[in-house]
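Note that the chains take the letters A, B and C in the order they are written out, and that residue 1 is the start of every chain.
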Amino acid sequence: MIGYLIQRLLTVAGILVVMSLLVFGITQVMPGSVAHMILGEFATNDQIAALEQTLGLNDPWHVQYWRWASGFLVGDFGQSLTMQRPIAPLILDALGRSAALAGLSFGFVAVIGLWLGILGAVKAGRFTDHALAIGQYFFIAVPEFFWCIVLIMLFATTLGWLPATGYAPMSDGFWRWLSHMVLPVGTLVTGLIAHVSRLTRSAMLEVLQSTYVSAARAKGLPERTVLWRHALPNALLPAITVLAVDVGILFGGIVVVEVVFAYPGLGRMIVYAIENKDLPLMQAGVLIVTAIYTMANLVADLLYAWANPRIRYGRSVA
Amino acid sequence: MSGAPASPPTSPAANGTANGAANGALRRRRLPRQLVIGGTIVGAIVLLAILAPWIAPYSYDAFDIPNRLKGPSAANWLGTDEFGRDVLSRVMVGAGLSLSMGFGATAISLAFGVPLGLMAAYFRGLAEEAIMRTIDVLISVPPIMLGLLVLAVSDPSLWKTMLAVGIIYVPIMTRLSRSVALGLMEEEFIQAARARGAGARWILFHELLPNAWPPIIVESSLRVTFAILLASALSFLGLGPQPPSSDWGLMIAEARQFLDDAPWIAMGPGIALCVLLIGINLVGDGLREVLDPRLKKRGAA
Amino acid sequence: MSHKISRPGFPLSGAIGRRTLLGGAAALGAAATLPMPYLSAARAQGAGRPLRIAVGSNLSTLDPARATNGEQYIYCQLVYNGLTKMSHDLKVEPDLAERWQANNDLTSWTFFLRRGVKFHNGREVEAEDVVATFRRILDPATGAAPRTNYLMIKEMVAVDKYTVRFDLSMPYGGFADIMIDRQVKITPRDQVASLATAPIGTGPFKFKSYTPGDRLVLEKNPDYFVPGEALLDGVELRIIPEMTVRLNALQAGDVDFVWDAPPEAVERLRANNRLKVNSIATASWDGLILNNAIPPFNDVRVRRALHLAVGKADIVQAVLFGQGEPTHSPIPPSHPYFDRSIPVTRSDPAAARRLLQQAGMGNGVRAPLVVPVGRPVRERLGVSIAQIARAAGFNFEIQRVPFGRYSAEVSGKAPAYVDGYFARPTLDTATYQFYHSTGSWNERLWHYKSERCDRVLDEARRTADDAKLKDLYGQFQRIVAEDVPSYLAYSVSFIEAHTTALKNFRSHPMRWIELRGVSLG
């Protein structure tokens, strides 16, 4: 296990290095001049050249890369070009808010998704199961960007129960904060809950029909014990991998939800950086998201390996 | 939208039993019910998309300012948008865009992913390492981020979105086809082919590929859903087809302005998108029941 | 610039007289310091919540000199003061300068600062701060957008602690007028480094905190130099990119004020009796910028054909739902100098086609058309032009580009793109830099060169007589309508919606938000 852990950690480190090169490379080939972006409308060619010199944009790419990457390692992410302020606190703030959104959503997805999945499996073929299945098909198919608009219309405009905009800091009071979280979280979780519950149901069904569950039943164990003690732990395995994968889906959703709900998180900051070609901000944002995503996959891998000792090498979670 | 895999590569086996196992009667029939319903939905939409130029009541981009923002009526079944354009006609024409993005992107991911996966499984060693580690890197970027980055370096257009989404799903196809092929490599017929000295290309394309395709097809059908979702999300963020095109993601994005006064502009493409995705999902599940080898085995048992 | 505009080029005596007549009160500056009658009332309603204003875009920098979008202009107006300010009816009034005077040939301007005005950090505003501010504006490295308007400044001298003299390289009668501009706000000379992060101004509100992408929080400046003008306890600019969400937030009471509401929402918002909707004519214009230096729009016949193909009357209907008026140049229809003899046409594809044929483009014109992402009205303008022009053989291919990338990638480079400009302080600043062959905006936008036009604009700068000016700017409009350097579509009506609890508020035609003397009931 230790050896496997070290090997996986090394892979993660390698991925991050390659990713940093990739992100850096993309910023190098992006059209338009950074210096021009900074100087604005009336920049003359001389001014642009001078600023490029000051910013070190004329240095060979590996010098620029090293300057950037070495700063990154010690937590110096550089200066945002458009906002003229250090990036690290900007990103950390935004990350914290995105994490609140993601954490809350992930919690709901894990608990409700698993529960509905088990419910579906236990009631397989009955009305509850069919109702759930229809709901799953529907919610998987509703794109977040459409769904959040529908929710805003319903809960904010028509019913007036919840605020239409996405964020109030904790300092405004817990309930205010929470009321601002409901719609974004609600948008994020529906599709994922449908997704997780559907896969949990399948896994659970398979386990319920396996020989050892039959054996447990044959021994006369109560159905409840069979379900919770024998079936569930085995069904959780695929569910865990699905949840890890969902971190990636969640992030995709977060970008859209943050944009629509004006939620000042990392996703929106990255979109802002790309739109305004704030390269240092973009580089830092993308790299941090990648690191988190890779870590989530690593954790899922480790959980999987821990739960299933047969799989140690040659597979990682997609 | 979303991006990431619907299921981990190992899962066709794990979750494939879904409805089949639950309902024995259903399995005995020739075609699963999901496949029939889903196939009908998708088929109808494909047909509409193909016939749209002839049967759409209006041109998708013709203005009719005096009749703008009008609700559904006999003349405009799904109402009109802010320029007086007929929403129904736009949805019909847009179907082709969404479909071609979904299927095009999936085709791209298949075209790159499957050969890579098969080669990794066949050659093993250094080639496998090289392929799989590259895949590791690609897969460690959240899909939407990769899409945003690809589109950040170039001006948006339909085929670039398609390409971006396709590339995003290459790793998943590679991993899936590799794991399928790894299993097949142990089978006798491959061993036999090797023993008779068949070339690598022959084994890859005449022995491995034909036998690996069922799980790949199942996965692809799910991929189409996610490709459409991701592409429309990118369109929604302004990185897909450009106006006045009636791509559904773009239509919904543009309709946001008028949600309070004319919700039907968003509802038309929004509901169409949901129906299409439900249809494709149903087809995917149906295909899985028909094609999944483990299901067949259990059915026989 | 707008309805009433201070005319550049008045001889001094006339200028002061005229200005005073227009209500500028150059000599009466001190009057403004009298306590306002509603001071006590405001105290009574006591400490409460801040005014929450919903805006669409992030404020990238907080440095006023580098401000480039409407959201930043709002902030500049609330946190800072200029030497002069512009009233709601577009008169130039004293602000940090309590009075000013020019020499006889208008080449030397002296501003006398109000005494005892303190920056938010407690230090008194001095003449050196003014000099330092303008030195920054003039430094190309700062990247101040209106820099070229001040290039005539030859020398700046802090005569004493409260007196600044500007020596100009040419006579310029509108010098005090352009001091109202958005970016030329007086900043403390010793705090320049922290302007982007911890800005300090003199305005009625002071900076409290800024969360990029979320909100800018300002609090009342209790020591504001005009007692009784800073009444609100604070102001929050909430950044909400989605227009729908912005309007819903207003209707749900999550914000008090929506700045720059879309024209199509006016009717619905007016139906809500808890809201007040203001729609006022402004000199802001939107249009399709055509590059006169490269094909296909370097041929005046092609540009004329486009104007024939796309009637402005049709465009105003399609794009603005009637909330605006067709225009021919940056001089808006609401201005007394606007030339009503120039016809506003409807689309005539046949005539446009004939003209294209003459230009040897009978097979049609193919060109990309760039529209800004996140500016729905301007995007609609692009889509409408492309669609209507198609009947005449123009095949525009629309490309959406984020507005933040315009300056580096689009302006001056693309053959055709949709953009718009906020009202300028004076007629001269609205036209000269845009249409004179040496004008800074001209070089960035359409590269238009016409000796006739240069002559008229140069002469207008030197002219004081009202009738003669009207004639000159009339000539200018006819020249522009003939040469059509670009497709200036319309003057936009500026729409704001706010809760009825807001007292004493009036929309400002310069499209910033004036909150001095405004309270929340």
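In this text, contacts are C-beta pairs under 8 Å (C-beta built on N, C-alpha and C of every residue); 3 or more make two chains touch, one makes a residue touch a chain.
Values in this document were obtained by computation on a predicted structure and should not be read as measured data.
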From chain C, the most remote chain by mean C-alpha position: B
Identity of the most central chain, Cα criterion: A
Chain-chain pair with the highest tally of contacting C-beta pairs: A-B
Chain A and chain B: spacing of chain centres that average the CA atoms, whole Å: 21
Between chain B and chain C, centroid-to-centroid distance (C-alpha), Å: 48
Distance from chain C to chain A - Cα centre to Cα centre, in angstrom: 41
Touching two or more other chains - residues of chain A: 31, 149, 152-153, 157, 259, 274
Two or more partner chains touched - positions in chain B: 256, 259-260
Sequence positions of chain C contacting 2 or more other chains: 242, 244, 248, 373, 402
Chain A residues within the chain C interface of the complex: 31-33, 36-44, 47, 50-51, 82-85, 90, 93-94, 149, 152-153, 156-157, 160, 163-165, 167, 259-262, 264, 268-269, 272, 274-277
Contacting residues of chain A [partner chain B, same complex]: 11, 14-15, 18-19, 22-23, 26, 29-31, 124-125, 129, 133, 137-138, 140-146, 149-150, 152-153, 157, 191, 195, 198-199, 201-203, 205-206, 209, 238, 241-242, 245-246, 248-249, 251-253, 255-256, 259, 270-271, 274, 282, 286, 289-290, 293-294, 297, 315-318
Touching residues on chain B, where the partner in the complex is chain A: 1-11, 14-19, 21-23, 133, 136-137, 139-145, 148-149, 152-154, 171-172, 175, 179, 225, 229-230, 232-233, 236-237, 249, 252-253, 256, 259-260, 263, 266, 270, 273-278, 281-282
Interface residues, chain C side, partner chain A - complex: 54, 58, 60-61, 63, 66, 68, 140-141, 143, 145, 147-148, 196-197, 211-214, 238-242, 244-245, 248-249, 251-252, 254-255, 373, 402-405, 407-409, 411, 440, 444
Interfacial residue positions of chain B with respect to chain C in the complex: 61, 63, 65, 69, 82-83, 155-156, 238, 242-244, 256-261
